[in-house]
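In what follows, chain A forms one complex with chain B and a second complex with chain C.
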Partner chain A sequence: MNSSPPPSRPPLRSVLLRSRKRTILGFDPQTLIKYFFGSNASVAIIVLVLIMVFLLREGIDFLPTYQRELQTYRRAGLEFCDIIDQPLQRNQALSSSLRQAVSASLETLSKSARDRRDAAFLLKRQVEDKTARPRESLTQALEKTPPAPEQIEVMRRELREASANAAKALSYPAFFNTAEREQLQREFAALTPEAADLPPLLQTLVAEFTAKDREARAKFAPLVQAQEEFEEATEPLQEVVDQIKAKALETKEKAVEFAVLETNRQRLLEAAATETDAKEKASLTKEAAESVSEAVNLEESIKEITGRTAELREQVEKYAVVIEKAAAVLPKDAGTGAARSLVNEVREGIPVHAREMRAAAATLDSWRWDKPVSIFSVIGAFFFGTQWITNSSWQDFFGFVPLLAGSLVIAAIAIVIATPVSVVAAIYTNQFASEREKEIIKPVIEFIQAIPSVVLGFIGISLVGNLIKDVSECSWLQWVPGFPIQERLNMFNAGCLLAFMAVPTMFSLSEDALNNVPRAYIDASDALGATKLQTVFRVIVPAGISGILSAILLGLGRVVGETMVVLLVAGNRIAIPDFGSGLGVIFHPAHTLTGIIAQELGEVSRGSSHWQALFMVGIVLFAISLLVNWCARAVARRFEPHKA
Partner chain B sequence: MNSVPTNDNPFAGDNSGIQQRETAARWALRVGSYIVVLTTVAIMLHIFVKGAPVVFRSQWPFVNTQFLTELPATLHVIEDQQGNHIETDVNGADAVKKKLGDNFRAEKTISYSGGGILGPIVGTALLVVVSVGVALFLGVACAIYLSEYAKHGKFLEMVRLAILNLAGVPSVVFGLFGLGAFVLTAPRFVAMPAERSVFAIPLGFTTLSFEGWDTCVLSGGFTLAFVILPVIITASEQCLQAVPQGFRETSMALGATRWQTIRYSVLPFATPGILTSSILGIARAAGETAPIMFTAALAFKDKLPWQKDLPPLPADASIFAHWEQSVSRFLGIFTESVQALPYHIYTLAAKIPQNEYAERAQYGSVFVFLVLVASLAASSVLLRKRLRAKYRW
Partner chain C sequence: MTPATNPESIPPPVVQVRDMDFCYGTSKALFDINLKVEYHRVTALIGPSGCGKSTLLRCINRMNDRVLSARVTKGEVLVKGKNIHDADVDLTQLRKQVGMVFQKSNPFPKSIYENVAYGLRIHGEKNKSVLDEAVERSLTHAALWEELKDRLNANALALSGGQQQRLCIARAIATVPDVLLMDEPCSALDPISTLKIEELMHQLAHEFTVVIVTHNMQQAVRVSDYTAFLHLGKLVEFAPTEELFTNPREKLTEAYLRGTFS
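Coming up: the complex of A and B.
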C-alpha cells in the first residue's frame, strides 16, 4: 500500500463539473437512503421492545394493586373466615358422593319402576309436543267468550286425530307389555287440554314407583339416615361462619369505599396545589376538606370477628365429632359395587376432613390481622394461586395455575397428535412420494395454514364436538377412559383442532430439515447396501433430528399462543383439570391463558386489578413465546450435524 | 404389491421378508400423510356442502344477493297457526303480525342472523388495506436493507432475531399491544387533550396529544400490520435474493450508485414476486381475530363506515365546503370502528344459541370468508408458479 503513489490531483475539468456534489443537511444522499432502509429494518426490534413496554406499562402495576387488595382481604377479616370456610367446602364433595351412593343403592330396587314412569312421561310429552298447535288453538277457543261450540267441536276432532296419529307413531320401549302399550296409546289419543288429572295408567306407574322407592329406602335405611345426618351436621357451623362472613364483608366494603373517597380527596388536593388561580384553589381545597370521610376502624371490627374464635372452634369440634360418628355408623353394605366403593371413599375421607377442620381451627389463634402482605407472597399468589375468581361478591383471586394447566394440557394433546402425523408426512413426501403425490400433498398441507383459526374454532363447535360425543357413546368404545364424555367442548376437542393447525408449520420445517441432510450421507448409506427404509430411518432422520425437534418446538409455540380455537372450543371452565380421573381428564373443559384475555378484557375497566391481571397474563405469554423461540434455536444449533 | 420380485442377481439372498417390510412401512407412511390431506378435504367439503346453499340460489341471479349486500340484522321468525314460519326483519315484524291477526302464534328473534354480511366484508377489506399498506412499506424497506445494504454484524443479527421472535408472538399479545399502543397512547391532533393523555405537545393552533386513536380501523390496521410484518419481510427478502447477483454487479460496473442499482436493476425484477407473496400476508391479515378484538371490531353496527351523519351543508355552500366534507367523510372511514368477518363469525359461533336460523348465518359467513381467504392463498400460489416459470436465470 505504501508503495502506491500519492493520488494525483484530479484534472481541472472534472473538478469544475463535479464541484456541486449534492448534499442534504451535510449528508451524502446515498448514506441517507441507506439509513432510511436501516431505520426501517430496526422497526422489528422497536416493535418487539414496544410490545414489552406497553405490556409492562399496563400490567406491572398489578403487583402493588393486588397487594393492596390482599391486604384489605386480610385486614377486614375475610381471610379469617376462609380459614374455616375453605376446608368446609370439602363437605360438599363428600356429601355429594354419599348422595350418589344412596341413589345408586336405591336404584337397585326402584330402577325399573322409575324407568317405566319416566318413559311414560316422556312419551306423553312427545305426544303433547307433536300436537301443540291444535291444542293451543283449542285452548284459545275454549277461553273465548262467548264460546263457539261448533268451532270447538271441529278443533276437538282435529286434536283427537292428531293425538291418535302421534300416539301411534311413538316407539314404545320394550318394558311395556302389549296391553300396556295399547292402553298408553288409548290414553294419549284421548288427551285434552282441560284434563288436569293424569291418565290412569300413568297414575299407576307413579304409584308403583313411590312404593318401590319406599321399599328401597326401608331396606337401605342406615345408609339414607347416615347421609341425612352428614348433611345436617354442617348447619350450625355454617351458620356461625356465615355470620362472621357477613360482618367481614361489611367491613371490607366500608374500607374499599373509604379508599376510593381518599384517593379522590388526594387528587383534589393535588389539583389545588398546582392550581394558580387563588379562587379556584380555595374552592378545590374546600371540596377536599368536605370530602374527608371517617376511616374505618378496622381494629374495632376485627376484634368483633376474632372475638368469636372460641365459639367457632367449639362449633368445628362439634362438627368434627358428629361427622366422625356418622362415618363410624356408615353401613358396610350398599346396593351396588360402585355405591360400595363410594361409601368406602367417604368413610376414609371423613376422618381426613375432620382432621383438616381441626387443624384449621387450631391455626385460627395464630392468625394476625395486621400482619403485612409481602410482595413475594403476592407474586406467589399470582403464579401459584389455584383460583381465578373475578366479579365475586366475596373476594377476587387472580391465580394463574388453572389457566396454565389448561393451556399446557391442550398443548400436550395437540403436540402428541400433530408430531407423528406431520413427521410421517414430511418423511413420506420427502423420501418416498412420487412427483405427482408431492404436488397433491404439499399444497394441501400448506393450504391448512391459510384457514383462519376462527373458522377452525367454528368447525370444532359445529362438527368435531358432536363427532367426538357420538363416538364416545359407542358401546364398544367404553373401555377408553373418560368415555362417554359429558361436554362437547373440551380439551381434547381443542387439542385435535390445534394439532391440525400445527401440522403445516411442523411439516414444512421438518421437510426442510430432511432436505438439508447432506447428499453424501445418503450416498454413503446406499453404497453400503442399506435398503431405502434403513437409509431413511438410520441415516436421514437421525441427521435431520435437530430440525425436526425445533419444528416440534415451533409448533408448540404456535399451539400455546393460539387464541380463537381454544376460546371457542375448550369449554371455558376456570378450574384446574381434575387429574385424579386419569387419562379421562382430557375430555374435561378448561380455560387457557390466551382464551381468558380474549374473553375478559373487553368487559373490564382500564386500570382495575382485573385489567392489570390480564396484562400480566399477556406478559407471561410473551415470555413463553420468546422462551420457546430461544429453545428452538438452541436445539437446532445443538444437534447440528457435522457438515460434510 | 407383495409379490416377490424376480431377482436377477444369483448371489442375492432371499430378501422377500425385507421387501415386505419395506412395502408395509411405505404404506404406513403413505397412510399417515394422506390422513392430513383427507381431513383437510373433509373439512372443506363440510363447509361447502353446508355453506354453498346459503350463498347460491338455483334461480337467476344464482347468488343470494341479500346475503352479500345487506348489513347484519336481527332475524324475526313469526309462526302462524298452520305452522308456517315467516322470516322478516325488525321493520317487517309488526306488519306481518297485523296481517296474520288471530292467526299469529309465536315470534322468535335471533340476533345477528338476519340480513347479510356486507358490513363485516367491508370492515375486513378496510382493515386489510390499512394493514397491508403499512406492512408492505415497512416490510419491503426492511427487506431491502437486509438484502442489499446490511453487512454481517451485531445489528443484522439483532434484526434477524427480532423478526424471528416477532413471528412467534401470540396474536392475542399483539391485540394487547395494539390496545395499549394504538387505542390508548398513539398521538393525534386534538383541540383539547383528554384526561388520559400521556403527554401533550402544544403546537399553537393545535395540540399533539398522546391519547390514542380509540377503537377504529387505523388502530386495528396498524396492529394487524405488525402481525403480518415478519411474513412480508421474509417473503420480500427471498424475492430480492432471487434476483441474480450479476444484475447488481453489471449495474455497479456501469457506474450506477447503490440506490440506482436497487431502483433500476433489482426492484423491477423483484416487485412481482414481492406482491404475489404479500397476498399471503393479506390472507393472514384477513383471517386474524384476536388482534382486532380490542382494537377495531364491533359485534354489531347498523351502518357502513362511510354512512356517518354529517351536518347538512347550506344550499349556497361553496365548492370548497363540499370538497372539505367529502374529504372528512373519507378520512372518517378510518376513524370508525367496524364489523369484521372473523369477529362476526366468532360472535355467531359463541354468543348466540344454536338453531337452524343461526346455523344458516354461520355457515354462510364461514363459506364466504373461506372462499375469500382461500382464493387469495390459491392465487398467490398460482401466480408464484407462473412467475417462477417466467423468470429463469
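Coming up: the complex of A and C.
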C-alpha cells in the first residue's frame, strides 16, 4: 500500500484572506438580498403610515370647516329659530298619538258601517275595472258629435251585459245579507258612465256610515274636541316660527353665496399677483373686481329676527296654555285599551312638552348672535352630536352619536351571539371531537370566511329578515321585548349575520389558544383522576382564557369594521336607537360608521364639509379598530404564564 | 422474580404486575413483566433509555390509556389486589389511589393553594376547612409549608423549579394515594433541588409507597429499597437495592452497572 502524497495546502497567509467576490453596485449580493427582503417587510408599515396620513389630511380640515358652518348657523339666526323649533317637533308625535287614539275610539262604533261602505265601494270599483273597455268606448261614443244613437244603443247593451257578468262573478262579504247582495248586484249591472248619483243602496250605506260616525263623534266628543284643539293650537306659533325661519334661511343663503364669491375673488387676486404676463394680470384683476359682491349685513338681519322675540315668547306661552288646557280636558275614557293608553301617554306628555317649550322660550333672550363658536364646541358637536343630517335645506349637522350607537349595538349583538357558538365549538373540536370530526368541522367553519359579505347581505334581506319577522308574529313569543317587530331590516338581523361572519375568526383563534395549552397540564389533571370535562373546564379553558379573550376581541374588530352586511341589512335609519324601549331596541333599524361612509362618500362633492365629515368618521373607525386590536394583543400577552 | 428477602409479606403487595405484555399498536414494548411493590417502600425502576421503565410506570395508573392503540395484551396489573383493567374499575378512583409526579414540573397556572386543592376539588370536596387542612398537610409533607405558607395565593408558576416539583408532589399526595409514581422527578432539577426531593422521598415512604423511574443509578442507590432493572422491555433483575448494586445476579445487570452500555 503506497501512501498518496498529502494534498497540497495553500500558504498560511492566503487562507485567511477574503476571496474576491462579485459585487453589485458596490454591495455584497448577500447584503442586497437582505435589504430586498427587509424592504418588502417595510412596505406594509409604510402603507399603514400613508393610510393614516391621508385619512388625517382629508379629515382634519373638517373641524375648521364645520366651525365656519356652525358660525354661519348662529350668525344667520338659524340657531335662534331652532331653539323653539326643535322642541316643537314633539308636537307632531303627540298629535299623531292623539289622532290614532281618536280614530281607534271612533272605530268602536263606526267600524262595521265603514267596512260595509268601503266594501261596497270596493266591489263597485271592481265591476268598473272589469268593464273598463266597453265603458270607455261608450263614453267616447257619447261625446262624439253628432251622436250615433244606434251605435250607442249597442254599446249600452254590451256594457250592461259585461256589468251584469262582472257583478255576478263578485264575491260578496258576509256582512251583506241576501237581499242586499241581490240589490248590489242589480245596481252594479245597471251602472252607466253618465250617472252622476250613486246607486240607492250605496247611498244608504254612505248615510249609514255618516250617521254612525256622527254618533261616535258625539259619544267621544271631548276626545275629538281635545284633539282638534291640540292640532289648532300649534298654528299661530308655527306661523311666527316659519316666518323667522324663512328670514334666517334667506340671510344664510346670502352669506354662503357671499363667502363663495369672496373666496373666488381672493383666488383670482392671488393668481393675478403671481401672473407675470401684464395682459393676463389685468384681465384677472378685472375679473376679481367684477365679482365683488355686497356683504350681508348680518347684524341688521339678526335684529329683524330677534326683534320678534317678544312675539315669539308670547305665542309660545299661549300655545303652552292651550295645550295644557287640552290636556286637562282630555277624557279618561277612550274607545279601546290601546286608545286609552295612547291618551294617557299624551296626557303625561303634554305638560312635559309645555315645560320644554317654556324653558326654550326663556333662553331666547340670552342667545347672542355674535358669540363665537369655539373649536371645543365643534369637537363636542361632532363627537356628542345626536343628529346626522345632510343635504338639508335648513342646516347640515354632523353628529357622530347615532352612527356610533348603531355600530356598537350591532357589534354587541354579534359578539353576544358569536362568542358562545365559536368558543363552545372550539372546545368541542379541540377536546372531544374525533379526528374524522375535526376534519369536517374545521374546514367547514373556516369556509364561512370565504363567503362574500354581499352574499350574506342578500341572505339577510331575503331570508333572515322575513324569518325574524314571521317568528316575531308568533302569538306565544309575544313576551319577547320588541315583538312583533316593525322592520325586517334591523340591528338584530345585521348582528346575526355579523356573528356568522365573526365565527370563523373567533373559532380558529380560540382553537389555537386551546391547542397552545401545554400537554403537561392535561397530564397532571388526568393523573389526579379528573374526568375529561373537569380537565377541560378547570384546567384547559382557564389556561387558554387569554387566547380565547383575544380571539373574541379580534372577532369584535372584524365585526366593527364590516361594511357590506350592515349597509344592506341594518335598515339605515340615521337616528339614535330608542333605548327607552329596553331590550327591544335591537329590533330597530340603525345606521353605522362603516355603512355611512360606504353609502355617502360616492355622492358628496370632494372637499365639502360632508366629505370631510365622512373622513372624520373614517379616522374614528380606524382608531377604534386600532384600539380593539391593541387590546387583543395586550390580553394575549397577559395571563400567558406557560409561555414565559 | 420476587425479591429474595422479606418472605413474610402477608398482606398482598400494593402493586403487583403479573406476566404482563404491553403493546403500542403492533410493536411490543414490555415482555412478560412480573413485579411486586411492597407497602411503604421505595422501588426504583432503572435501565437504559427506551427500555420501557416509564411505560411500566404508566401501566400502574393506566396513563397509557390515552395513547391510541396502546394496551396490555397479556397478564394483569393488580393494585391492592384488584385487577385495574377490570370493567368495574373506576379510572378516577384508581388515579386517586395512585398518584403521579412527572419528569417536568407541571403546576397549573393557578395559585399554590388551588394547585394543591385541585385533586380534592375534582373529587367533590367543597368544605373549606377540609381543603385548608389538606393543603397544609400536603405542603408540610412536601417540605414546602414553611416556605410558602404566607403566599398561598401566589401563582404557582412564580416558584423556582425545585419548588414547583415539590408542589407537584404536594398536589399528588393531597388526595392521600396509596402509591406515588414518580417519573424521573429530578431530571430537570439542579443538584440542590434534587437533594431536597431525595430527602423528601425518604419521608414520603413512611406514608406512601413510592415507585420511581430514574436514569441516575446513584439516585436509585440513595433513595430506593428495591430496584428493578429493565432492558429492552424485559425485567432483567428485581432485588433489594443493596443486593442488586453490590451483587447482581445477572450478567446484563452487572454490565449495565459497570457502565459497559447505557
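FYI, the second predicted complex is superposed on the first by the 509 of 644 C-alpha atoms of A that agree within 3 Å, B and C clash if a C-alpha of one lies under 4 Å from a C-alpha of the other, contacts with A are read in each partner's own complex, and residues count from 1 in each chain.
Here, a contact is a pair of C-beta atoms (placed from the backbone, for glycine too) under 8 Å apart; a residue touches a chain by one contact, two chains touch by 3 or more.
Since the structure is predicted, the reported quantities are computational estimates derived from the model, not experimental observations.
Looking at the shared chain after the overlay, A:603 reaches neither chain B nor chain C. Of the two partner chains placed around the shared chain by superposition, chain C is the only one that A:518 touches, whereas chain B remains out of contact. Of the two partner chains placed around the shared chain by superposition, chain C is the only one that A:543 touches, whereas chain B remains out of contact.
In the superposition on chain A, the chain among chain B and chain C reaching more residues of chain A is B. In the superposition on chain A, contact of A:161 is made with neither chain B nor chain C. Of the two partner chains, neither chain B nor chain C is touched by A:348. Once chain A of one complex is fitted onto chain A of the other, the partner contacts of A:42 are limited to chain B, with no touch recorded for chain C.
In the overlay built on the shared chain, the residue A:526 is in contact with chain C alone; chain B does not reach it.
When the two structures are aligned on the shared chain, A:568 is found in touch with chain B, with no touch to chain C.
Where the contact sets of chain A with chain B and with chain C meet, they give residues 531. For chain C in complex with chain A, the residues that touch the partner chain are 61, 63, 66, 91-96, 99-100, 102, 104, 106-110, 118-119, 121-123, 155, 157, 168, 171-172, 175. Across the interface of their complex, chain A is touched by residues 18, 21-22, 25-26, 28-30, 32-37, 39-41, 43, 46-47, 81-83, 105, 138, 141-142, 144-146, 148-150, 155, 158-159, 162-166, 168-177, 179-181, 184-185, 226, 229-230, 233, 257-259, 280, 283-284, 286-290, 293-294, 342-343, 345-346, 348-350, 354, 359, 362-363, 366, 369-370, 373-374, 376-378, 381 of chain B.
Of all residues in chain A, only 518, 520-521, 523-531, 534, 538-539, 542-543, 639, 641-642, 644 touch chain C in the complex they form. Residue ranges on chain A touching chain B, taken from their complex, read 29-30, 33-34, 36-38, 40-45, 47-48, 50-51, 54-55, 57-58, 133, 136-137, 420-422, 424-425, 427-429, 432-433, 440-441, 443-448, 450-455, 457-459, 461-463, 500, 503, 507, 531-533, 554, 557-558, 560-564, 567-568, 594, 597-598, 601-602, 606, 614-615, 618, 621-622, 625-626, 628-629, 633.
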